[in-house]
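We just call them A, B, C, D and E in the order they show up, numbering each chain from 1.
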Amino acid sequence: MIKQFFVILILSIVGYFLVDAFFKVPFGEKRNNVGNYYIEKSPVDLKVSNAVTAIVVNYRGFDTLGEVTVLFLAATGLGSIMYRRKQKGEKEARAKNPSSRIIQIGSQILFPMIILLGGYVFIHGHLSPGGGFQGGAIIATASLLMLISYRKFKINHNTITWIESIAGVVFASLGFVGLVLGRTFLENFLPSGELNDLLSGGIIGIIYIAVGFKVASELTGVIDTVLLNNRPEAQKEN
Amino acid sequence: MNSLILLLILVFGGALLSYLLNKFLPILRDGFVVLLMLLVNYVFFTMDSATQIEFEIGGIHLQWAFSSAAFLFGIIVSILGLLSITYSTAYMQGKDRLGYFYMNFLFSIGSMLGILMSRDLISLFFFWEIMTWSSYLIVIYSGKDVDKRGLKYIVFSAIGAYSMLMAIVIIYGFTGSFLLTDIFDSIFAIKASYQLAIAILLMIGFGVKSAMMPLHVWASGAYSGSPMSFTALFSGALSKMGVFGFSLVLFNLVSNQNWLINEIIAWLAAITAVLATFYAVIQSDAKKLLAYSSIAQLGYIVIGLASGTYLGVMAGLFLAVLHAVFKGTLFMAVGAVEKQAGTTDMTKVSGLIRKMPWTFTASLISIIALAGIPPLGGFVGKWMLYEALITSDHYYLVIMVFLSSTAAFLYSYRILFGLFLGQEEPEFAHVKEAPLPMLIPMLLLSGISVLSGTFPGFILEPIQNAMVSFGFDPRLPNIEWWQLSVLFNSWGDKVVLQNVMISITAVFLIALTLITWKGYKKQRYVTTKDISSSGEIIQAEDNMTFQIDFYKPFERAIWPLLKRKIDDYYTDFGNGLEALFDLVKRIYNGNGQFYAIYVMAFLALLLIAGTKYFGF
Amino acid sequence: MVISPVHYIALPLMAAFLIPLFGKLNKDLARIIPGLVLLYLSYISVVLMNQIISSNTIIVEIIAGWRPPWGINLVFSPFTGFLASMFSMLGFVIWMYTYNFKPEVDNAQKQKFYVLFMMLITGATGIVLTGDIFNLFVFLEITAISAYSLTAFYRERDGAEAAFKYLLIGSFSSTLILLAILLLYTQVGTLNMAEIALKMPAVDPYMKGVILILFFVGFGIEAEMFPLNGWSPDVYTQAPGPIGAIFAGMVVKAGIYGLIRVVFTLFDVKEILPLLVIIGMITMAVAEVIALRQGKLKRMLAYSSIGQMGLVVVAFGIGTHESVFAAIFLMFNHAIIKGMLFLSGTYLVYNSTEKTLDDVDGIGKYLPFTSFLFALGSLAIVGMPPFAGFWSKLYLLMAAADVRLMAVIAIILVVSVIEIVYYFRVIHRIYFRERTSTIELKIPSFNAKSAMLILAIIIVAVGVYPDLISGLIERATTDLLDKQSYIQSVLSVGLK
Amino acid sequence: MNEFLTISFYGTAIVLMLIGLYAALAKKNLLKIVIGLSIIDSGLHLLFVAIGFISNGTAPIFSPEVLESAQQMVDPVPQALVLTAIVIGFATTAVALALVIRLYKHHNTAAIDEIKNLKW
Amino acid sequence: MNTILFQLSGALATILLAFTVGMFYGGIRRKIIARIQNRVGPPIYQNFLDVIKLYSKDTSIHHGAMQHMGPVFAITASITSLMFIPVLNGDGWFWFKNLNFSGDLIFLVYMMVFGSLGMALGAGQTGNPNSAIGVTRGLSQMVGYEIPFVMSMVALMAQFHTTSITGLMNIQMQENTWLMFSNPFAFIAAVLAMLGMFHYSPFDIVHAPAEVASGPVSEFGGKYLGLMMSSGSIFAFVKLTLFVDVFMGGAANLIELVIKTFALYLIPVLYGVVSPRYRTEQAITYFWKWPLFFGILAILWASF
């Protein structure tokens, strides 16, 4: 009880100051900041209609490279945290009871559609709301769906690793191409095309596709790792 | 090459080389270290006294040169270093990790030379710390109880060193320089309270090495626990670095207004001398006894320096040199006993005089010198000390010193009796005289003890040179060293050393001749069992050894003083601190959520404080 | 392709993505690649440092062709470059050490270890090099996520517990930093640090205070300041040994970097400096006191590390040129010395599960080389001459004396005594006790030995001749304190 | 109107954060703590988006129709940042959950105050 | 007048004088004690007879060099101290002025210890535990009485700013007073210390002559014992003369000297006869009470 009270006391102090500070920030007003520059320049410089994408992939592309790395590290770290040696004769079974037929059929129908949607979202990342991360996450949902409905559904880790690595390498090498061409890292070296075209924005589209693949494979891998290690047999260990 | 650099390279390089030699060519090791020290002595004594080097390192201006005071201590270090390392070659025979031992031994010697040649505080501290850890590594080299004494030594050394460092940086903060010459000029310009603080901090720093009350508790363990060959150097030379530091502080960094510091130091030293002597008296291990005795002797030295008069300072420095000589010998002799008889516990070993006559001779001479009995060197020092204290109106200090020196007779006798006299026990029948490399240094040093009693000139002259650098006027007559025989105090009273020597020698020789000549042939040696004991006839198996509780009556008389050791206060203090620290430890209670709460609480606190105090 | 600072980030990232692929081709490739990358980075460190020192300029690398404040930029100045070079070189040495460390670990795990290992270093380097506050946050997260995973690397230890604590506190740290960035963005409308610094004087002081405090606490967590450092002893203890060295040598340093960059460059408020001194003192005192009462070797090293960080914070807090010089020197020394202590200490308690001090009793006879280096490191870290630690402590004390902070000097010295006690206690245990433990010892492999030896040589060399490094540090200090030239050179880059 | 929006957006976000903080600081169950961390993140992300908002604004996406309406677009930077923050939040949560699983297996409990092998 | 021969003859005469006086005093003491104990007692020249007998005896055993040298050390100390003590004051008998100006009080105090330490070493080598016990008692007791003694000496030195005995004597001559009146506390402290110095009862636990038929005296026979006895008599004379010189203005001629010394000598003798024996620690604490107090008073007296 004392702890709770103390926590509430602390939080009310912190909350007071946060409210105090944020309420001094005017809400809903246009402010003079770098955002304006991006809105004005991204259709002109990069021919990218989605300013957010322009920022995420190009203006602040370095952040995104870091972001992708964070995801990659999370997947790797998860793997290392959850790692366990395979015992002999171990089955890959995840659960004893299969899920209901309705779910199985339903997911069979939904699976290709979700994949398709995900692909669409990351391919059109520079045109419409969405992008590599969102698309990748959607695709990962599809595999989650399959994992839930088909308990024996297997995900080939080898493939995931390949996709993940190649996508990452593509992202990084696109950056290096800029350097090799005597420009700066991650600089756009392709023609920008026309605004609102699918083939616009130079390397942004390619990067977002790579990011999409990478995120999709990583999220799938993460889900699979957690599921794989959370079986009743695994819990008996230690 | 500059001989200062050469000196350092020789010693430090030699240290590393001796480590390697021990690894790859152990046969050459002993010869190498002795030769190396010979070479060091050669370089040291042929050095031009004006040699000096200045350079800058890490943005700090450094200066090295041997002042005449430093040269005096340098003599002790280099000669005692040579002799003790010669002694080591035999003493350490058959022990393991000799490379380690010699390396640290030479590191100590080198760092001492470094301390002495430092004319700036940074190199002084630099070498001081090297000295600390190298000696620490030898202190914990062997023996039992390493845990406690090593810890004590390092804790006190660290306290000392860091107080010193604090003083150094305070000085730097005010004067903007580390060079001694700059500091001597500008030290008196800073605020008096800071001056006092600097002096006290430096005193703590140097007081630890010179084992002054109440910072002495490390000394007995460290002295008695190290190999005796090192202790000879440790007590003889290493502790003198503290004395050297004292001389710097007292004569250069303390203004005359601060006479109180001198008084306090002198009294502390006097109390040290008395208590340490009492402790020495009740010891039954010869090493421990000598260790406490060293503490007491260092007390005399400091009293002399702190008295601040010409004669007192001269006495202090003279005793410093002499203490190195005779205490070096005694530690070596005890080491020889340890090596040959296997123990220095005086309740076990006894009656070695006929087995180790030369060791006994050296010990006897050194003990006479230590006790300050004429006509040996110790007397000269003691005489000057007393006269200096009396003529400068420190009457009660005289009494303290006298009490300490009189009680010193007790342990002086104890160590001679305990080891060499008394019953000749059959279990020590096999004991042989120590080998030559151990004997030669002892005998050489005892020779110095004897010589300095009659011809103190050869020590007093370098001392006077040193004192001139402290700002005293030279008062010794301008004659050759062997002509110097009359010592004066400032009231004009004197002692004529050569008359004393002649008188004593003449009477002694005549009496000895007469008594030996009468019935010489009829006398025969009988064992110590052949004594008269109230008419009983003593059998071989009767235990007639009297060694345990040797000074029990005395102990009973002084018991109120010894009841509670200073050690105990430190132990209690330490225990209290540990309990407190364990309490602090509980902050990290293992619950991650608490840590998170700390974070948020800290944030809340800062937010409140930020608006209130930091003026946001 | 010209050598440019972006290699520090991009190459390791690329390599990290490639490791899983190459790992399939050849088992050893996964281990070798990080070494090659770090070696190359060490090489370009030398080249770039040489370049900026000789031409007396700052390299500002813009990314994606957009000059600041619109794009992200990397700043390779004497200060950041010094830290980045230190990280890559130390990283390479630690890589050498890890090469044959724990051969029994499965190959798949090893691969992950090396990915995380390399990203930990890269994250720290990125924090130091980047010129964009949000980018700094991203790199902080890269560091953090690798650190969480590495902490929990061994299943048989309580790594997960430590990692969870770290994660919990680390999340608070990122939340607070993110909040601060958010508020900052609303006030100045930019994320570029140089422009933030430029616009900062116009910001409302109240907002400035709140933002600064949020940053302070956020980075304070990474910098192991006192009430915020509950995670760190556990993490040091549970992480694999070489990772402990990286934590001490890089991760914490990056946290401190963030803190001082915010305080010195972004905000430049002198009011917070006394707070730094006070917090640093408390951190130091508490940590050293606890280290004294530790029964476990690695935990002791961990607390000692926290204490040293407190010292660094104090040094920065004093805020004069000399003290900042001392602080950077301290950072350097702590990185190499504590790195070496962790590396050698790890082998002293290699197979022990509890890693108590009893395990090192009498080990000097069996592992002479490692023990010797550990002893040397101990001497160095407590500031004994002639080792590197001495000079930094001296400079710090001198700097404190210059501004008459006598209490600070006194406390530092008292704490140093405590430090000496517990380090010497270990030395003494190593050499002068009989070995009682029956745990099988592990002889360090050749590369581990050479890694430790390299660090030892640096320690002694810097100790004997501090001018080896003090010139660089002097430049770094000037660079850090010269806010105007930082803003100037970042904002003028790319202007035709 | 504007004030209402201010309170509702900022207030909601901050309250969300405080709720998350309370969960992370006061709840004993590891999973609840992780959920708390997620809630903090959500609040923070909401705050991010909120500060970029302008009244009557549109999404910062150009299409042939809205090419001229650049003045009415909301600030895209916070949106870009929040994207990164979300991903990072996800990564942290994933690692946290993995750690929770391992802790649960190891200690057979999910109460944080019983997982205290490392202390002092 | 200043030839070596002259000096040597003077020295010999001094020694002879000291020896004779010391011996007779010893005899008188024995007589006094006997009379008080209602005995006849030996004749007062008995000590001479004893010494002659001892010297003429043959000694057939020894325990080693140190034992051999012990008595030599003792006699050396006695004679050397004697050499540095002015026997007569002022222009007195110049013949007796041996090395009076070559040393001062401090030197003498130390010289007087020399003999006991030498003796102790000699006794130590015999291996007789009782000798060693005696020595430890003697040395411990010495620590006791030396302190008040030195305090009174320091008081005198402080008061008159000289450390030499002749200097003190000259002052008494000039001011025509005795120092025992100038600084009575110093005199009291010194006399109390003197009780211990003589090792007579009640401070005779060192030898414990009445009950222990063992110890140094029994281990040293013949020539050694003779030497020790001679040394003891000379030493008694030295101590008494020192007191007379310092506190009673010295003596102008031998008769005065004998009277003054004898008067002084009676103090320990008579005090001893009526006192039981102290244990060693009691002796030490005895000296560290009243004598010490008087010593402090003496120094205070001197410094104001």
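The criterion applied here is as follows: contacts are C-beta pairs under 8 Å (C-beta built on N, C-alpha and C of every residue); 3 or more make two chains touch, one makes a residue touch a chain.
These figures come from a predicted structure and were not determined experimentally.
Contacts with subunit B and subunit E are shared by no chain at all. Here the chain-to-chain distance from subunit D to subunit E, counted in touching steps, is 2. The greatest number of inter-chain C-beta pairs in contact is found between B-E.
As a whole-number value, the distance joining the C-alpha centres of subunit B and subunit C reads 44 Å. The distance from the centre of subunit C to the centre of subunit E, each centre being the mean of the chain's C-alpha atoms, comes to 79 Å.
Each chain gets one centre point, the mean of its Cα atoms, and the points for subunit A and subunit B are 73 Å apart.
Taking each chain's centre as the average of its CA atoms, subunit A and subunit E sit 106 Å apart. The residues of subunit A that reach two or more other chains are 3, 7, 10-11, 14, 17-18, 22, 25, 31, 33-35, 38, 60, 63, 66-67, 70, 73-74, 77-78, 81, 238, listed in rising order. Contact of a single residue of subunit C with at least two other chains is seen at positions 134, 138, 141, 145, 148-149, 152, 155, 160-161, 163-165, 168, 172, 179, 185-186, 191, 206, 210, 233, 290. The full set of touching chain pairs reads A-B, A-C, A-D, B-C, B-D, B-E, C-D. Contact residues on subunit C toward subunit A in their complex (touch as defined above): 1-2, 4, 6, 9-10, 13-14, 16-18, 20-21, 24, 61-66, 69-72, 106, 108-109, 112-113, 115-116, 119, 126, 132, 134-135, 138-139, 141-142, 145-146, 148-150, 152-153, 155, 160, 163, 179, 183, 185-191, 204, 206-207, 210. Subunit A meets subunit B in the complex at residues 3, 6-7, 10-11, 13-14, 17. Note for the complex: subunit B touches subunit C at residues 57-59, 122, 125-127, 129-130, 132-133, 136, 140-141, 146-147, 150-151, 154-155, 158-159, 162-163, 165-166, 169-170, 172-173, 578, 581-582, 584-585, 587-588, 592-596, 598-603, 606-607, 610-611, 614-616. Only residues 597, 600-601, 603-604, 607-608 of subunit B touch subunit A when the two sit together in their complex.
Looking at the complex, you find that subunit D touches subunit B at residues 21, 24-26, 28, 33, 112-113, 115-120.
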